[in-house]
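Paired with subunit B in one complex and with subunit C in the other, subunit A is shared by the two complexes that follow.
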Partner chain A sequence: MELFQLIAVGITGAILIVTVKQHKPEIALALALVIGVLLLFMASGFLETILNTLRDMADQAGLSSGQWQLLIKLLVAGYVIEFGSEICKDAGQQALAAKLQMGGRLIMAGLALPVFKSLLTLITELLT
Partner chain B sequence: MKWRIGVGLMLIALLSASITVQAEVDPSQMDFNPVDEVLEESGAEEVMEEQTGSRSIGELLEDLLSGAHTADWKQWVRAFIDLLGGHVKEYVSLMIQVVALAVLSRFFSGLELNFGEGSAGSIGFLCVYGVLVMLLLQSFQLAYEETREVLGRMQTVSLYMMPAMAAVAVAGGYALSSTLQSELMTGGFSLLLTVMKQIIATGILGVTIIEIVNYISPRAVLSHLTSLVRTVLEKGMKAACGLYLFLMGTCSVVAPAADKALYKASSAVLSSVPVVGSAMSGAVESVMAGSMLVKNGIGAAGCMVLLCLCLVPVARLTAIWLIYRLLAAFLAPVVDERVVKLLTVLARSTAMLLGLLVGGVIIFTGAVGIFIMTTGQ
Partner chain C sequence: MEIQIVFRIAAVGILVAVVGQVLQRAGRDDMAMLTTLAGLVVVLFWVIEYVSQLFDTIRTLFDL
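Up next is the complex of A and B:
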């Protein structure tokens, strides 16, 4: 049922945006943003279920919760950055979208730095 | 007639030194304490007690010489399977962690697929890949260090057992064969193990790390280099082992014939001594037979010690290899190809480490077998 609701909202939103864009392009952009956020919210329930299941598996297996939380942050950040970038592209702002992506990747790289540092330390210990 | 008696007395005088040594071959007086210490510190003492019923080399040797011990290969196979099952269960938590991370990585590679390679998903994927590598490298590191430790212990065992065999063979009248072969057998095997430990094992670790880094990028530009290094390591290892066994075999071609000729000549001289000649000849023969028994017993004990030393590590490495292969097979339809390649690389490297351990035992057994065959069975 949720799948059909998602499809219905997506198609209805696309039709609305195309109709409004002819008369008010700026409102069409805002509408695209709202419908995009709505679709994400509708899908987020399933994503939460999947991530909770994976987290439970990881907890049972003894994976570090700090590492797991970092990876979830990166996943959410990745989706948010791509979402924002696509909105910019929809508005015809390719350059802005590229800059947003670059900024997002830098932030994600900064978040992931401790993992790369630990990996480098482990490899150095192994080789020496 | 007089000159014959003179030659005979001279030969008896020359042989009397070796006859004296032959009479003193007593396994209970041989010092195998360092080998017992190696067994104790590695925990293989318990394995030896379970499989052979003996707690020390001395006890094992006595059982072998008296015929009290008979090798039951089904028992060894059963023990290996039990150990394998136990080790696989130990690594279940690792499997679950890898599955969870691999599935998470799929989300990031999904972002890459949907939004192009330069998307934010690539950073996220690299981060998950890094965590996966750290997790899997910890288990691989255990396998690597254990392999090096066991190769070192095999070296210690061989440095005591092989010279002991050679000394008994000399006492048994195979002076030339034993002298020619003992240096090659002991020194050559020790050198082979050093090469395995210092060069081959380190090479395997190095190529594994390069391949892990290589598969971060979908283009994998270092594949040819890593393939070359692996081929060199594998072929080099096979060539070194083959060369060692070839040299052992070649060394054993001429010397036994010379030893036999000397034995026949001395036997003929002893038999020609009036009154006591045949008794002396018979006594020498039985002492030599006893020496052969002790020598073969030491060889068999050495092979069993190596089997005991290697049983647990081989089971552990086999379990680790099996887990990597199972994960790769199970996750292949679901996750990014790079994760599957990571698991395949680690499986291949673990198999190579396993090959070093098994190869070491086989080469030792082969060398001991050649030595026993050529110094009287």
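Up next is the complex of A and C:
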């Protein structure tokens, strides 16, 4: 079953990383990155069905495709930034991870700004 | 194919470590340093190619 494969790859990966880390820490970091990517690949099989059901629900809720696109972009941006900053933490670079997350927040805020502005205009119209 | 890359990188890591040790015993520390760098470059090529493959899959999956 997909789940047991995932766990097996994770555990063997961890053991491999530890063995390589004693001699070559930099290659162990690259190995950790590759194993993380492999786990994401294995889990991405289910992503297609999840996305389709989410899109159907969004259409029913009357979400326009532009808003849906923005929502997905923010979702993916959040996870990708977290992926990168965790790798930096793995390498022991806490400050770098924090900077990466700050940059990510700025980009996501920039993306979400127009929606926020339209919300504010909507509210002010309601109030006046 | 997927698990192959993991074992390949681990093998390169261990190989570079062993070759480095041997070279150091033979008194050629500079060569040991160079083999370490060479191993790292090879591993980085694979890693970058693999991560770009992931980002392409994400882009097509979410059609961003």
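Basically, the second predicted complex is superposed on the first by the 126 of 128 C-alpha atoms of A that agree within 3 Å, B and C clash if a C-alpha of one lies under 4 Å from a C-alpha of the other, contacts with A are read in each partner's own complex, and residues count from 1 in each chain.
The criterion applied here is as follows: a residue touches a chain if its C-beta (ideal position, glycine included) is under 8 Å from a C-beta of that chain, and two chains touch if they have at least 3 such contacts.
Since the model is a prediction, treat every value here as computed from it, not as a measurement.
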item	value
Touched partner set for A:126, first subunit B, second subunit C, both or neither	first
Subunit B versus subunit C as contact partner of A:37, first or second or both or neither	second
First, second, both or neither for A:108, with subunit B first and subunit C second	first
Touching partner for A:71 - first (subunit B), second (subunit C), both, neither	first
Which superposed partner A:63 touches (first subunit B, second subunit C, both, neither)	first
First (subunit B), second (subunit C), both or neither touched by A:97	neither
Of subunit C, residues touching subunit A in the complex	2-3, 5-7, 9-10, 12-14, 16-17, 20, 36, 39-40, 43-44, 46-47, 50-51, 54-55, 57-58, 61-62, 64
Subunit A residues within the subunit B interface of the complex	54-55, 57-58, 60-63, 67, 70-71, 74-75, 77-79, 81-82, 85-86, 101, 104-105, 108-109, 111-112, 115-116, 118-119, 122-123, 126-127
Subunit A residues within the subunit C interface of the complex	9, 13, 16, 19-20, 23-24, 26-28, 30-31, 33-35, 37-38, 40-42, 44, 47-48, 51, 69, 72-73, 76, 80
Residue ranges of subunit B touching subunit A (in the complex, touch as defined)	93-97, 99-101, 103-104, 107-108, 111, 114-115, 118-124, 126-128, 130-131, 133-135, 137-138, 141, 144, 205-206, 209
